[in-house]
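Chain lettering (A, B, C, D, E and F) follows the sequence in which the chains are written, and residue indices restart at 1 in each chain.
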Amino acid sequence: MSEFLVLLLTTALVNNVVLVKFLGLCPFLGVSKKLDAAIGMGLATTFVLTLASAASWMLEQWLLQPFGLGYLRIVSFILVIAAAVQFVELAMRKFSPELHQVLGIYLPLITTNCAVLGVALLNVQEGSDFLHALLYGVGSAAGFTLVMAMFAGVRERLELATVPASFAGAPIALVTAGLLSLAFMGFSGLRLD
Amino acid sequence: MGFRDLMDEVKLRWGVHPAGHKALTSECAIECMPLPERLTLPLAQHIGAPARPVVTPGQRVLRGQLLAEAVGAVSSPVHAPSSGRIVDIGDYPVAHPSGLTAAAIVLKPDGLDEAVDFADCDDPHGLEPAEIARRVAAGGVVGLGGATFPAAVKLGLGRRNPVQTLLLNGGECEPYLTCDDRTMRERPEAVIDGARLMARALGAEAIVIGIERNKPAAMVAMQSAAAAHPEISVRGLPARYPMGSEKQLVHFLTAVEVPAGGLSAEVGVVVHNVGTAAEISRVLRTGEPLTHRAVTVSGAAIARPTNLRVAIGTAVSAVIAHCGGVRRDVARYVMGGPMMGMLLPGTEVPVVKGSSGVLALVADEAGGGEASPCIRCTRCAGVCPIGLLPFEMAARIRAGKSEAAVDIGLKDCIGCGSCAYTCPAKIPLSHYFSFAKGSLAAAERARLKNESIGKLTAARSARLEREAQEKAEAAARRKAEREAAKRDAARAVAAEAAAGRPQDSQVSA
Amino acid sequence: MIGHQTLERLRPTIPFQASMLALTVMLASAALSVADRATRQPIADAVARDTRASLAQVLPPDSFDNDPAADVLDTSDGGMPVTVHVARKSGVPTAVVLATSTRGYAGEIGLVVGISREQRVLGVRVTRHSETPGLGDKIEIAKSDWVASFAGRHLSDPETAKWAVRKDGGVFDQFAGATITPRAVVAAVKRCLVLYRSEHEQWFSVRKP
Amino acid sequence: MLIAVTSLTLIAGCLGLILGFAARRFHVEPPETVSEIEAMLPGSQCGQCGFPGCGGAAAALAEGSAPVTLCPPGGPALARALAEKLGVAADLGAMAEHEPTIATVREEICIGCTKCFKECPTDAIQGAMKQIHSVMKEACTGCGKCADICPTEAVSLVPLPTTLGNWRWRAPACA
Amino acid sequence: MTAPQHSPHAHDGGSVGRVMAQVMLALTPVTLWGFYLFGWPAIWMWLITVGSAMLFELACLRLGGGGRATLGDGSAALAGWLLALTLPPWSPWWIAVIGSFVAICIAKHAYGGLGQNPFNPAMVARVALLISFPLEMTQWVAPAPMFSGLGPDPVAALERLLFSTPIPDALTSATLLGQVKAEASRGVDLLASLPALGAGVSDGVGHHAGSLGETGSWLILGGGLFLVYRGVIGWLVPVALVTGLAVPAAIAHAIDPAHHLSALHQVFAGAALLGAVFIATDPVSSPASAVGKLIYGLAIGFLTWVIRSFAGFPEGLAFAVLLMNACVPIIDRFTRPRIYGHGATAGRGA
Amino acid sequence: MSTYRKILREGLWDNNMIASQLLAMCPAMAVTATATNGLGMGLATTAVLVASNTLVSSIRHLVPSAVRIPIFIVLIASLVTLVDLALNAWLHELYKVLGLFIALIVVNCGILGRAESFASRSSVPRAALDGLAMGLGFTLAMVAIGAVREVIGSGSLFAQAQLLLGPAFGFLELRLFDGGALLMVLPPGGFLVLGGLLAAKRALEGARRRRGVVVAQSA
C-alpha cells in the first residue's frame, strides 16, 4: 500500500510530468486561463492517461514484444490512443451531454497532448508491470491536474493585475510557469523510501 | 461598562474607529436658526418618486401649507417652512456630487410666519395604526437617519410582515454628528412618544433603543424617559463605525441577520432613527408637517460649530454664515457625516430633510491623497461589516469585470466606506463600488430598454402588417366597390339592353 | 481511378472509412517494416560501436585481441545488473570491463570500469548520466579529468576506509557544491573491485570460443 | 513483416469500423444556436451591425465570423450576454466608449415630411403628416436611420442628457 | 469638471510607506545583530542588496512610464532587505545584485509592480540564486563578531565582496540543517553527531552559521510581536507555520530520533522563524481570509519539514513559500468569508 | 504580398509555431538547454513537417472525416519512426542527445495542427512550403531559446555542434565564460527564457508599430 502511495506521490510531485518531464505543455499553457477549465482538462487527461497506460501496456506485452515489432511502437500506441479518445468523445456526447460539457471539449486536445504518449513510452522504458504502469499513469495525471489547477489559479489572478503590455498574456504566463517549476524544484531529490 | 465594551470589541470582527470630533458640538444645544432670505425646496428629498407641485409661481403660501404632493406609493410631500411667496419652480443646484440641478420650489419668506390651521391631536395613541401611518405620510416625514425613506411606508411594513421589534437607531456612529445625541438629550420624551406611536402603527410589542456608549448623557436621558414604559429597553452599543447601519444594529441587538437583499422587516424588525421618532411625535401631536430639522454644523474650518434647527430649504451658505463663516481653508464641504456624506459641489445648495450635518473640512481632516497599488493587506476585508473582500472587488472592477465583482458580493456592499477609510494605499474603494453599481444599473437600464425596444419593434411590425392588411383590404374593398359599381353599371346597361337583346355571357366574364 | 462522384458517395460509408484507416496503417506498417530491415544492421553496428568505443577507453589497446563487446556475461551486484566484458589476449583473460550503474543525484549513472588481472583499475568512464550540468557532470571525462583519478587504484590503495570522498574522510576529491555524485561513483567503483575480487575466477572459468 | 502488417492493419480496420459506426450511431444534432441568438438580439433590424437585420447578425455570430460587440443598440450588456452564450472572451473596450445617443428633431427645420417616422424601427418618432415630429426618449435606440433620411437634416443624434436619474460615478482615476 | 470626490471624507492616516517602515523597524534589531555577528562583509552585502533593489525598482518604474511611484514607499527596499537577510552573510556582490534583479525586475515588475506579484519576490530571488549558484549559496561562515578581530576590517571586507575572494577554510562552517542533510546522505546516525551542533542553535541567540538574518531567533520573535501588536501582521500565519513544522517534526523525532531532528531544532534552525514572521506574512502573496491564512501557514510549515527531511535540499522554507504562493488563488477562492445575510445563520433566528 | 511570401512570413514570424501559437511547447522547453540541441530538434521536426504536410495534402480528398485524425496521426507517427530509425542508424550521436523527444515529435501538436488547419485544405506545393516555413520558424525559435539558455546557463554557445553537424562545424562552438546561472539550463530556465523572448518580440513589434516602419499589411 505505502509503496503505491510513494509511487503516486513521486510521480505527481518529484517527477511532475509538466514541470520536470516537460510533457503536456501545450494544454498546460493553453487551457489554464480559467480554473474550472483547467480542472476539467486535468480530469479528462487523467481518464485518457489511465486508459492509454493500460492499452499501451497490453499492446506492448502481447503484440510488440512477442513479435519483436518495437519499431511499430509509436504508430500502434498513437493509433490506439487517438481512436480511444475519439470514441470516448463521441460516446460521451451522446450519452452524457453534461459530462461532455465539462470534459468533452478537452478530449480532442488530449490526443495531441504528448504527456499521454510520453507516459506510455516511459512505461515501456521502465518495463513496469501492469499495476505499476497504471499507477504511473494515474500519478502523472494527478501531477498534471495539480499543476494545471495551481497555474490556472495564478493566471486567473493575473487577469486582474496591471501586467505591463509587453508581458501581458503569454509571456507572463510563461514566467509564471517558470516560477512554478522553480518552486517544484524544491521536491527534487525527494526520497520517501 | 468597560468590560462589556471589551467583550464587544472581541466579539465584533468589523468596523473602524474614526476620530469622533464630536466634542466640537456635543455640548451645543440645538438652537433655532432664523429664516433665511430664500428657501429652495427640492421636490425629491426622499427615496422614491419626486413630489408634484400643487402651487404656482407668484402664489402666497402659509407655513405648513402643502407645496407638492406625493406621487405614488413611495413618495413624500413637501410643505412650506414659513409663509411667503413662491418665486419660481425650476431647476436648481442640489446637494449631489454630480453638481447637477433638480426641480425645486423657491419660496421667499415674508417674515410673518403665518401658519395654516393645524389639526392637532391630544391623544395620538388612540388613533388607529393605519391612521398614524396616514398622518405621518401627510406630514412629509422621511427617515432622518440619512436614507430619507418615507417613514410611513416603513410603518406600513407591519401589515405585510409581523413585526415584533422596533429598533430606534441612536447610534449616530458618523464622526462630527451630534444632532441625534442632542435630540435624545433635549427631547427624550418626544423620542419615546414617537417610538411608542410607531410601535403602535407597526404592531410591534417591543421597542429597543440602541445608543453608542460614547453618548452617556443621552443614555441617561433616554433611560429615565423610558422608565415608565416596560416595553422599551435602552441598550448600549459599542462605539464603532458603522454600528448605526441597520443590518449591523439588528444583528447586534437581536442576533439575527437580515437576509441578503431583504428588508429587516422580514425578520420582524423595523429600524428608525431617533430623530425620526421625535418628529413623528411632533407631527402627530401638533399636526404640523416636517419643515425643519436638526443639523450639526461642524468641521475644523467652521468658526462656531454647533447644532441648529434649520428650515428645510435653507442654503448651506446661509447655515455656515450663521455659524460665523469659515476661518480656515476648506478642503471639502460635506453634507452628512464624513464617512458616507456627500461632497457638495458648492455651498449654494439647500439643506434637505436628509441633511444630518453640514461639514466644512480642512485638508488634514478630509484624508485623501494619491492612491497607490493595493498590497492585499486585507485591512479592508477586516473592517467590512458585511464580510466582503473589498480589495478583490475593486481589482475586478478596475479590470472591467463588474459582474465578477457581483459574484463576490458587490450587491451586498452597504457603501459604508470603512474599507476606504482604513486602506493604507488610500484606494477609493467605495468609489469603485459606487462606480460599478452605477454601471450595472446602467446596464440593467439598457437591458430593459432593449427589451422594450424588442416589444416596440414587434408592435411596429404588427402595426405595419395591420396597416398593410388594412390597405390591402381597403384596396380590395375599393376594387370590389369599383367592380360592383362596374357590375351595377353593366347590369344597368344589361338591363337596359335586356330590354333590347340578351348579353348574359359578357357579364359573367 | 475512382471518379470524383464515386468518392463523394463512398466517403461517408463505414466500410470505406474503416478500410481507409486500415489501408493507411497497412501502408505505414509496411513502409516501417522495410525501414526497419534497412536500419537494423546499421543500428546494431552503431550500438556495438558505442560499446566498443567505451570499452576501448578503459582498456589498454594492446591488452586484448578478442572483441570484448561480444565476450559478455551478465551478473548482478546487490540488485544492480552488471555486465562483464572479458578482454583476452590469445584466449587468456587479461582484464575485464564491468558495465554497471549507480544512483547519483538526479538518476542513474552508467559506468564502465576496467579492471586488470592484478585487480587494479585500468580506467573508469561514465557512459550516461543525468547529473546537473555544471555540478555533477564533472564525472564526464569531457568536462573534467576527475574520473582519471581512479586509474591504477587497488582495493588496498588507498586502504578500504579511504575509498571515499574527502569530505567523508577519503582520498577522492568531491566537486565544489556537489558531493552526492562523486560519492556515488566512488562507491560504485569500489563495489566493482570487490565484485571482481570475489567473482573473477568464476567469470574466467566460463570459456568463450 | 507479415505479422506486423497484418496485425496492425487488423487493429486499424476494427478501430476504423468502430469509429465510423460510433460517428453514425452517436451523431448529435448541433443545437439551434442561431435562433437562440436571434432571440437575444434587440430585434429592431436596424442594420447598424452591418448585417441585413438581426437574423443575419445571429447567423454570423453563430458561426463565429462576427464579434459579440457587433450590435450597438444592444450595448455592452448584450455583448456580455452573447459572450457568455458563445463561450468567447468579450473585448468590451471598443464598446464602453460608446456613449448612448438619441435622436432630436430641431423643430424649426422640420417640415413634417414623415420620412423619419416611417423609417424608425421602434416607432420612437411621433407626429403625423405635415406636423412637427418629436422623439420619445425611452424608445429611441440612437440608430440614426431617421437622421440619415431626413431631407432637411432636422434630425440629429445627441448624447443622452445626464440627469440625476441616470448620472453615475465615473471610474476612479487610477491605482 | 474634475471628478467629484467620493466618500469617505476621512482616513485613518495609514499609508503603505508606514506599513513598510514598521516592518523595517521590526527587522532592525535582528539585522544589527547579524551585522555584529558576521561583521563588515555582511554590512556591505546588505547595503549592496538594498541599494541595488532600489536602483532596479527605479529603473523598472522608469521603463514602465514611471506612472506609479512606488519607490518612496519602501517596498523595494524592504524586499531587498529581506533578501539580504536570507543570503549567506559573506555573499559576493554579484550574488546580491543578481538576486535583487530577479526579485525586483522579474518577480515583481514583470507582473506589474507592487501588489501584483503572485510570488514572494525575495523568495523567488533566493531560490533562483540557490539553484543557479549552489556553490556560493552554501558558503557559510562561522560568526566572527564585530570587535573580536576575527573578521576583516571594512576595507578588506569590501575587497573580499568585490573580488569574490574565497573564504578561508578556517572561517567556514556548516549550518545545522546542511550538516544534517550531509550526515543523512552518508547514512550517519544523528544521535551521534548532533549534540555538539544543536546546542548553539536552540538557544536562539545566533552564535552559529546561517544566513544574515536567520540566526538571532529571539530578536526575530521580538520583531514579530511588535508587528502583531501594531496590527501590521496577524498572528495566525506565524503560529500556523511553526505548528505545521513542529508537529510533524515532533512526531517523526519521537518515532525515529536517529534520522529526524527534534521540533525545537527544526523551529530554531534555518529560516523557519524568519520565514514565519517576515516572509510568509508578506501580504501581497498570502491568502486573504483567516481560514486561508491558517491553511497557508500550516502547509508552508509542513512542506518545509518534508523538504528538509526528504528532499535534496537542506532547507525548504523558500520552496515551501513559493509552492504555497502558487496555491494562494485556489485557497482564496475556496475560503471566502461568509457574506452577511447569506447562508446558514441568516433569516429568522433567536 | 504573394501567397508564397505570405506563407513564409507567417511561418517564420507572424504565426510562429512557438512564439505565436504557443504550440510544440514540450520540445521547445525540453531540448533547448543548448543551441545545438535546439537546432537538431528543429531540423528533425522540419523534415517531418514538410513530409507530413505534403502527404496529408496529397491524400486530403480521400480521407473521410470520421477517421481523419487517426489517419493523419498514423501518417505522422510513421514519418517520425522513419526519422527515428534513420537517426539511430546514421546519426547515432545526435540520436542519443535527442532521445525520447524524437518519438514525441509525433504528438508535437504543431504538426497535427498544421495537418488539420492547413495541409488538409491546401494544394501540395503550398502545404509543403507551409511545412517548411513552419518548421524553419520552429527551428529559429528553438535555436533562439537554446542560445539564450546556453549562454546564460553555461557560458557557451553551440557547444558540441560538431556532433550534430559534423566535425567541420566545430568552429561554431564558443566558450564565453566558465560557470553560469545553472537555473537557465534547468526546467525553470526554459519557461523564463521563452517568456522573456516573447516579451521582447512584443516590445519589438510594438516599437515598430509605433514608429510606423512596418509597411501597411495589405501592401
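The rule is simple: contacts are C-beta pairs under 8 Å (C-beta built on N, C-alpha and C of every residue); 3 or more make two chains touch, one makes a residue touch a chain.
Not measured: the values here are computed from a predicted model.
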item: Chain whose average C-alpha position is farthest from subunit F's own; value: B
item: Identity of the chain that, by mean CA position, is farthest from subunit A; value: B
item: Inter-chain centre distance, subunit A versus subunit E - centres from mean C-alpha coordinates, in Å; value: 34
item: Euclidean distance of C-alpha centroids - subunit C vs subunit D, Å; value: 68
item: Rounded Å distance between subunit B and subunit D, as computed from the means of their C-alpha atoms; value: 37
item: Centroid distance [mean C-alpha coordinates] between subunit F and subunit E, Å; value: 41
item: Residues of subunit C whose C-beta touches two or more other chains; value: 17-18, 20-21, 24-25, 28-29, 32-33, 35-36, 105, 135
item: Residue numbers of subunit F (touch at least two other chains); value: 64, 66-67, 70, 74, 77-78, 81, 85, 180, 182-183, 186, 188, 192, 195, 199
item: Shared interface positions of subunit D, touching two or more other chains; value: 4, 8, 11-12, 15-16, 19-20, 23, 169-170, 172-175
item: Of subunit D, residues touching subunit F in the complex; value: 12, 15-16, 19-20, 23
item: Subunit A partner contacts - residues on subunit F that touch it in the complex; value: 22-26, 28-30, 69-70, 73-74, 77-78, 80-81, 84-85, 100, 103-104, 106-109, 112-113, 183, 186-192, 194-196, 198-200, 202-203, 206
item: Of subunit A, residues touching subunit C in the complex; value: 71-72, 75, 79, 188-189
item: Residue ranges of subunit C touching subunit A (in the complex, touch as defined); value: 25, 28-29, 32-33, 35-36, 105-106
item: Residues on subunit A engaged by subunit B in the complex (per definition of touch); value: 159-160, 162
